[in-house]
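Below you'll find the structure, written out as C-alpha cells, and then a few comments.
A, B, C, D, E, F, G, H, I and J label the chains in the order they appear, each numbered from 1.
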Amino acid sequence: MEVSQISQQLITAKVKSGKSFSELGALLGHDEVWVAALLYGQASASLDEIEKLKSVLPLTDEQCASLAECPLKGLGPVVPTDPLIYRFYEIMQVYGMPMKAIIHDKFGDGIMSAVDFSLNIDKVEDPKGDRVVVTMNGKFLPYKKF
Amino acid sequence: MEVSQISQQLITAKVKSGKSFSELGALLGHDEVWVAALLYGQASASLDEIEKLKSVLPLTDEQCASLAECPLKGLGPVVPTDPLIYRFYEIMQVYGMPMKAIIHDKFGDGIMSAVDFSLNIDKVEDPKGDRVVVTMNGKFLPYKKF
Amino acid sequence: MEVSQISQQLITAKVKSGKSFSELGALLGHDEVWVAALLYGQASASLDEIEKLKSVLPLTDEQCASLAECPLKGLGPVVPTDPLIYRFYEIMQVYGMPMKAIIHDKFGDGIMSAVDFSLNIDKVEDPKGDRVVVTMNGKFLPYKKF
Amino acid sequence: MEVSQISQQLITAKVKSGKSFSELGALLGHDEVWVAALLYGQASASLDEIEKLKSVLPLTDEQCASLAECPLKGLGPVVPTDPLIYRFYEIMQVYGMPMKAIIHDKFGDGIMSAVDFSLNIDKVEDPKGDRVVVTMNGKFLPYKKF
Amino acid sequence: MEVSQISQQLITAKVKSGKSFSELGALLGHDEVWVAALLYGQASASLDEIEKLKSVLPLTDEQCASLAECPLKGLGPVVPTDPLIYRFYEIMQVYGMPMKAIIHDKFGDGIMSAVDFSLNIDKVEDPKGDRVVVTMNGKFLPYKKF
Amino acid sequence: MEVSQISQQLITAKVKSGKSFSELGALLGHDEVWVAALLYGQASASLDEIEKLKSVLPLTDEQCASLAECPLKGLGPVVPTDPLIYRFYEIMQVYGMPMKAIIHDKFGDGIMSAVDFSLNIDKVEDPKGDRVVVTMNGKFLPYKKF
Amino acid sequence: MEVSQISQQLITAKVKSGKSFSELGALLGHDEVWVAALLYGQASASLDEIEKLKSVLPLTDEQCASLAECPLKGLGPVVPTDPLIYRFYEIMQVYGMPMKAIIHDKFGDGIMSAVDFSLNIDKVEDPKGDRVVVTMNGKFLPYKKF
Amino acid sequence: MEVSQISQQLITAKVKSGKSFSELGALLGHDEVWVAALLYGQASASLDEIEKLKSVLPLTDEQCASLAECPLKGLGPVVPTDPLIYRFYEIMQVYGMPMKAIIHDKFGDGIMSAVDFSLNIDKVEDPKGDRVVVTMNGKFLPYKKF
Amino acid sequence: MEVSQISQQLITAKVKSGKSFSELGALLGHDEVWVAALLYGQASASLDEIEKLKSVLPLTDEQCASLAECPLKGLGPVVPTDPLIYRFYEIMQVYGMPMKAIIHDKFGDGIMSAVDFSLNIDKVEDPKGDRVVVTMNGKFLPYKKF
Amino acid sequence: MEVSQISQQLITAKVKSGKSFSELGALLGHDEVWVAALLYGQASASLDEIEKLKSVLPLTDEQCASLAECPLKGLGPVVPTDPLIYRFYEIMQVYGMPMKAIIHDKFGDGIMSAVDFSLNIDKVEDPKGDRVVVTMNGKFLPYKKF
C-alpha cells in the first residue's frame, strides 16, 4: 500500500497551495474524488486539465507528464491495514454476497462496471455524529452469451 | 469465499418461496440488503423477525437458531475472484487513497463506521445501459486522543 | 482450483453422452467455449437452453437449477499449477505490460471488458506441429472522468 | 508488478521519440506487441535489431546490452491489481477450465506453448463501442510418454 | 513491520532529549501510549501540541508537518515476528473467540470500537516477577439494522 | 478461523443449559473468559472441574476427554475477518510499536508473558454508549543473557 | 499437497499386487517414473495400456476412466514440506539462476520443455553411501520473435 | 527472485571478459554449473580458486571477500515467474510424488541430499530440436532411528 | 497444522493403554521422541517394531500398514499458531542467523543434517521453575564442490 | 530474511578483527551464540559490555547505540530458503507435534520459554563425519488458570 514518490510530491504541492480537493475539483470541472484519484496516480488528465492545475500548483515537467500518462492503477494485492481503508474492505467482506444477490435480483447475471463509474462522498451533519455518505454509480454490464 | 451450508439452505428456501429480497424486506420492515446479509449469515435477527420470516419461508428450528446467533462475519481473508464482487474490491484498490484524502479534507482524522452503517442498492434506468447505484451511509468516528 | 461437485457431474454426463462441446454448442446456438463455461459453473443459461441440453444430457432438477443460477465465478485466488492453464497465466506475466502499452497506444486510458466479451479456440493444422489459436474479443471501456 | 528502471528509461525514450509501437514494429520487421515486450524486458533482440532501434531511439551502451540479454521474465508471483491487466487474469479464472476442456476435445493431452507463440492486438471499430481483439497463436505440445 | 524514516528520526530525537514517554505525556496532557503512537506515525497532533513538543524535542518543519497529518496507520498485513508484539497477536489467536463470546453475552451483536478507544499500560510490582497490565477501553458499537 | 466440531457441541450444550459464561465461571471458581477459552478448545481443565461442569452441561465421555487434553491452541495463521475479532488485531497494528516502546521504557528488554497471564472483560455503562473494558495481566519476562 | 482419493486407491492396489513400479513399467513398456506419474494422476494412459494394467491390478471402471482422462496436473501452489520433495525444490532455489545462465550460454534465449520431456531415476551403489541419480531430458524451445 | 548487486557485478565482469562458464570451469577445475552458482552467490570458493578467477576477471577486494563467504543461499520463498526457472518448478509439481515413490521403492525411507550433490547440464543435438539434459547426483540419506 | 485421522487414532490408542511415550520407547529400544514421531506419521517402523507395539496397543491392520509406510512428512507450510510449537519457530526467527554464523565459524560452509539426526527432551528440576532441555544432534554435511 | 545494514557493518567489523565469536564470547563473559545474536540485532547489551566490545572492534557511536537498544527481533514472517536455516525449520515441521506430546507427558499443559532461555552449539568430532550438537534450555511455563 505504498504511495509513489511522484504522488507524494503532488500531495505535498496541494497541501502547500492551501487548496482543498473540492476547490481543485471546481477548477477542473470534475468531482473532488476524481481529482484526488488523479493526484494519487489512479487516473489520467488531458493537457488542458493539466494547464489548469499548473495555475494553482507549481508542477514540474516530469509531474505534468506523469499526470498525462495512463498509470498502473491499484494499491497492490495485499489487504490494507489503515483503519479507514480497511473498513471499506470489511464492508465487502460482510456485504459482498448480499450485494451480489440483490444485483442479481434486480438486473440478472452481470456486474457493475468499475470503469464506466463515478464515486462521490458527502458529509451529512447529524447531532448524534456526522455521517459519511458514499455514492457509487456504475453501468450494469450483462454477461454476453457467445 | 465459501458460503456456509446453512446459508445455502436459506437461499434455496428463499428461491423456492418465489419471494424477492425486496418483498422479504417489506415483510420485515428492513432494507433488502440487510435481509440478504441475514440469510448469508452476516447479521442476526430478533425472535419477532424470525417469526415473520417463518410465515413465508419453511424454516427448521436449527435454521431459526442460526438466524438469532451473532455470527462469525466475513468471507475469509482472500481476494475474491467472482467478477461482480471483485469490482468492488478493485474500487477500493483504485479509490481507497482518494477516499481517505477526501474524508480527511471534510472530517479530519477518523474513519467511517462499518457497524453504525447502512447500504442500499438502486437501479437507475438509462437508455445507454441501466446503472447500479450503491449508497453507503456510516457514522464518522473521530480518533480519540487519550 | 477445485471443480465443484455439480460441475463434475455435468462433465461426466457430457462424457457419457458421447457429445463433444462443439456438438453441444451447435445444439444451443452458442460457441463451444461458452458451453464449456456453462458446464463448469462460470455462466448461466435460459430455461430454453436448459431444455435443449436435457434432450441430450440426462439432467436432474438440481442440475437444471444450478445451470440457471448466476454462479459464483472464478477458480479462487491461487496461481494454477495445471501446466495447460498455467501457460495462459504465464502469458499475462510476460505480455501483460506490453498488452497494456499497445492498448493504450491504440485506444487510450481504459480496459478491455471481460464481460461484454467472447473467446474462441481454433485448431490450425501445421506439418511442424498443429497450432492452438485463441481469439478474445472484448469491448473497449474508456475510463470515465467524473 | 514493478517495471525495472531500465525498462522505464526505454519507455521514456520511446515516448520522447514520438514513435508508436506500431512504427517501431515496422522498423524492426516485428509485431508491435513483440517490440513492447522487448522494451519491457521480456524478450531479447539481435545486434542488428538493436542497431535499427538506435536509429530512432537514443540508446546508451548499457541499454543496448540490456536489450541483447536473455532477461529474467515475468512480473512476479502476485495477482496484478491494475484493472486492464487484471481483466486478462480474470478471463483465465473464468475460462481456464473451459479452455482446458476444449483444447482436450480438439487436441488431446498436452498444452499450448507460451514460447513457440505469438500474440497480436487489433482494434475493431464498432458504433456501439470499439472492440479489442487479442489473438494468441501457440504450438500444441502433446505430453510425451516415456 | 517497517518503521518509517521519519518515525525513526522522532524516536531518536526523543532518546537524545532524555525524556521518557511518561514525561512527554505529562507535557502534552495525554497518556504515554498516545504519545508513543504519535511518534510512531499512528496518530495526529494539533498545532498546539506540536508547539509543546518542540519545546523539548528539536523538530524540523517536515517532522512537524508529519505530526499534523492523518497518517496511513498500521504495520502492514504480515504477522509480526518481534516476540513482544507477537505475544499480543497470540493472545488474539487463543482468546479471540472467547472474547467474542463474552462480549456477545454481555452486550449483544456488535463490536468494541478501536477508534473511540484508549489503551494504558501499568507496571505492577510483584516479588515473583513484576507484571504488565494492559487496559483497553473502547465504546461498544451495536450492529445497526437498516 | 474454524471452530472445531467438539467446540461447537460444547457451545451448543452451554446455550441449551441457559447458563451464561459468568454463571459457569462462578461454578468453577474461574473467570468467565477462561471458561469460554476452555469450551473453545484453548485451555484444559482438571477432572474435578470437568465434574462440576457435568452437573450443569450434559457432557459425553468424548467431550470430557477433550476438555482434559492439552489442546492445539490458536485460530490458524490467517488474519481474521470477523469485525469484532479484527478490531483487536487492528489495535495491535496501530498500537503494537507504541506498546513495545512503553514496556521498554518501564521494564527494559523483555516481553509480557501470554501464558502466565489473565484476561478480563468488563461492561462499563455510559449514557453516551456503554464501554468494553479489557484488562490483560501478564508477567514481565526479561531476556536472559547467556 | 493432497493426493486425490482415486490416486490413493491406485497406490493401495499397486501395494497389494506386490509389484514394483519397475515391474509395472516393464509391463506397459514405459519408464517406472511415468507409471508412478500415471497412478498419481499426473499423466493419462491409452485404453490398451489400461487393459495391461488391469491384468495385474484389480481396477474398477471408475479407476480406468480416471486413468484415461487428461488430468488437472500439479500439487497445488504451496511449498512442499515433505523433506524428500522439498530437497528438489531447494535445488531450484540454489541452482535455478545458475541453470538459467548455463542454458543461456549453451542454447540462447529459450526454455527446456517440461512436456516434451522425460525423467529417470537410477541407483548408483557407492561404499560411502549409495547415490540417487536423476536425469531430466527435455527439448530446448527457443523464444520465437513475432 | 532478486539477484544481489554483487552478483550482478560478477556476472557483468564475466560478460565483459568474454569467457563462457565452461571456460571458467576449466580454469578452476570445477563444473560450469558450480562456477555459475559461485557467481550467483550460492556457493563459496577457496582463496586459491579466487586467485585463479582474478587472473581473468577484474575483481575488487569486496567481490573477492564475497566469494569466500558462506552465503545466505536461495532465491526467497516465492514461486518463480521466469519461464525457464518455472519449468523446473513445474516438473516438481508434476513429478514430485512419483519421484518420492520411486526413490522409496529403490532406497527405502530417506532423501536425496541437496548438499552432497552435483548437477550437470548437457546439450544433446537432435535434428527435431536440440535437447537439454540435466543430471542430478546426490547421496541417499536414510532416516536414522534414534 | 492438521493431524491426520490415523495419527489421531494412534494417539487415542496410546492414551487408552495408559503407557507414556517413555515406556513405549523402552519397549521398542528407541527414544521417546522418535516413538512420538512414529505415531504422528513422521517416521516409519520395521515389522518387528510394529509387532512389539501391537503387544501393548490394539492396532488394526490398516494402522500397522500406515506405520510401515514412508510417510508424507511435515505439518504443511504455514506458520504454526499453537504457542508451544510457535516458540520453537520463534527461536529460529531470533537465533537462526546467529546459529548459521556459529556453525560457519566452527565447521565451514555446510548444514546440519535433519535426517542423520536425533532429538531428545529432558526435564531438569529447578526450584525457580523446572526447565525443558532439548538436544539436537545432526551430522555436519559440507557443501560439495563439483 | 534481510540482515539490517548495521548488522552487516558489525559482522564486517568482527571479520576484520580476526576474532571468532568464541573469543568475543570469552571477552564479554557470554556464550558465543548470544554474542552472534547481539551482532545480528536480536539482543541488547549493557554499556559495560559495549565498552569491552569496543576494545577489539572499532565501533562508531551509532553502532554502540544500536547495541544498547531493545531491538525489533525476528527475521520476518516468511519461510527461510537458506538451506542451513531451513533445516531447523524442517525439524519443527517434522518433530513439532512429537515435541509437544513429550513435553505434555513430562510437564503438563504449558510451553518452553523462548525468553528465559539459552542455546549452545557444540562440535563433536566423529570419524564418520563431525556432528553439530544444539542444546536449548528454557524454563517451563505452565498455563495459568484465571
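Simple rule for what comes next: contacts are C-beta pairs under 8 Å (C-beta built on N, C-alpha and C of every residue); 3 or more make two chains touch, one makes a residue touch a chain.
These figures come from a predicted structure and were not determined experimentally.
Participant: If you take the chains that touch chain A and keep only those that also touch chain I, what is left?
Facilitator: Common neighbours, chain A/chain I: E, F.
Participant: Tell me the fewest steps from chain G to chain J, where a step is a jump to a chain it touches.
Facilitator: 1
Participant: Are the interface residues of chain C and chain G largely the same numbers on each copy, more than half shared, or largely different?
Facilitator: Mostly different residues form this interface, as fewer than half of the numbers used are common to both chains.
Participant: How many angstrom lie between the CA centroids of chain C and chain I, rounded to a whole number?
Facilitator: Computed from C-alpha means, the inter-chain centre distance equals 48 Å.
Participant: Return the distance between the CA-based centres of chain H and chain J, expressed in whole Å.
Facilitator: Going by mean C-alpha positions, chain H sits 30 Å from chain J.
Participant: Could you say which residues in chain G touch two or more other chains, in rising order?
Facilitator: Residues 3, 33-34, 72-75, 77, 79-83, 86, 90, 93-94, 100, 110-111, 113-117, 119, 141 of chain G touch two or more partner chains.
Participant: Give every touching pair of chains, nothing left out.
Facilitator: Every pair of chains in contact is listed here: A-B, A-C, A-D, A-E, A-F, B-C, B-D, B-E, B-F, C-D, C-G, C-H, D-G, D-H, E-F, E-I, E-J, F-I, F-J, G-H, G-I, G-J, H-I, H-J, I-J.
Participant: Which stretch or stretches of chain H touch chain I in the complex?
Facilitator: Going through chain H, the ones touching chain I are 30-31, 33-34, 43-44, 70, 72, 100, 104, 108-111, 113, 115-120, 141-146.
Participant: Tell me, which parts of chain B touch chain A in their complex?
Facilitator: Checking each residue of chain B against chain A gives 3, 11, 20-22, 32-34, 36-37, 39-40, 42, 73-75, 77, 79-80, 82-85, 87-103, 105-107, 110-114, 116-117, 119, 121, 123-124, 126, 128-141.
Participant: Tell me, which parts of chain D touch chain H in their complex?
Facilitator: Residues of chain D touching chain H: 65, 72-77, 114-115.
Participant: Can you list the chain B residues touching chain D in their complex?
Facilitator: Checking each residue of chain B against chain D gives 79, 81, 83, 86, 90, 93-94.
Participant: In their shared complex, at which residues does chain D touch chain A?
Facilitator: Result: residues 1, 3, 78-83, 86 of chain D touch chain A.
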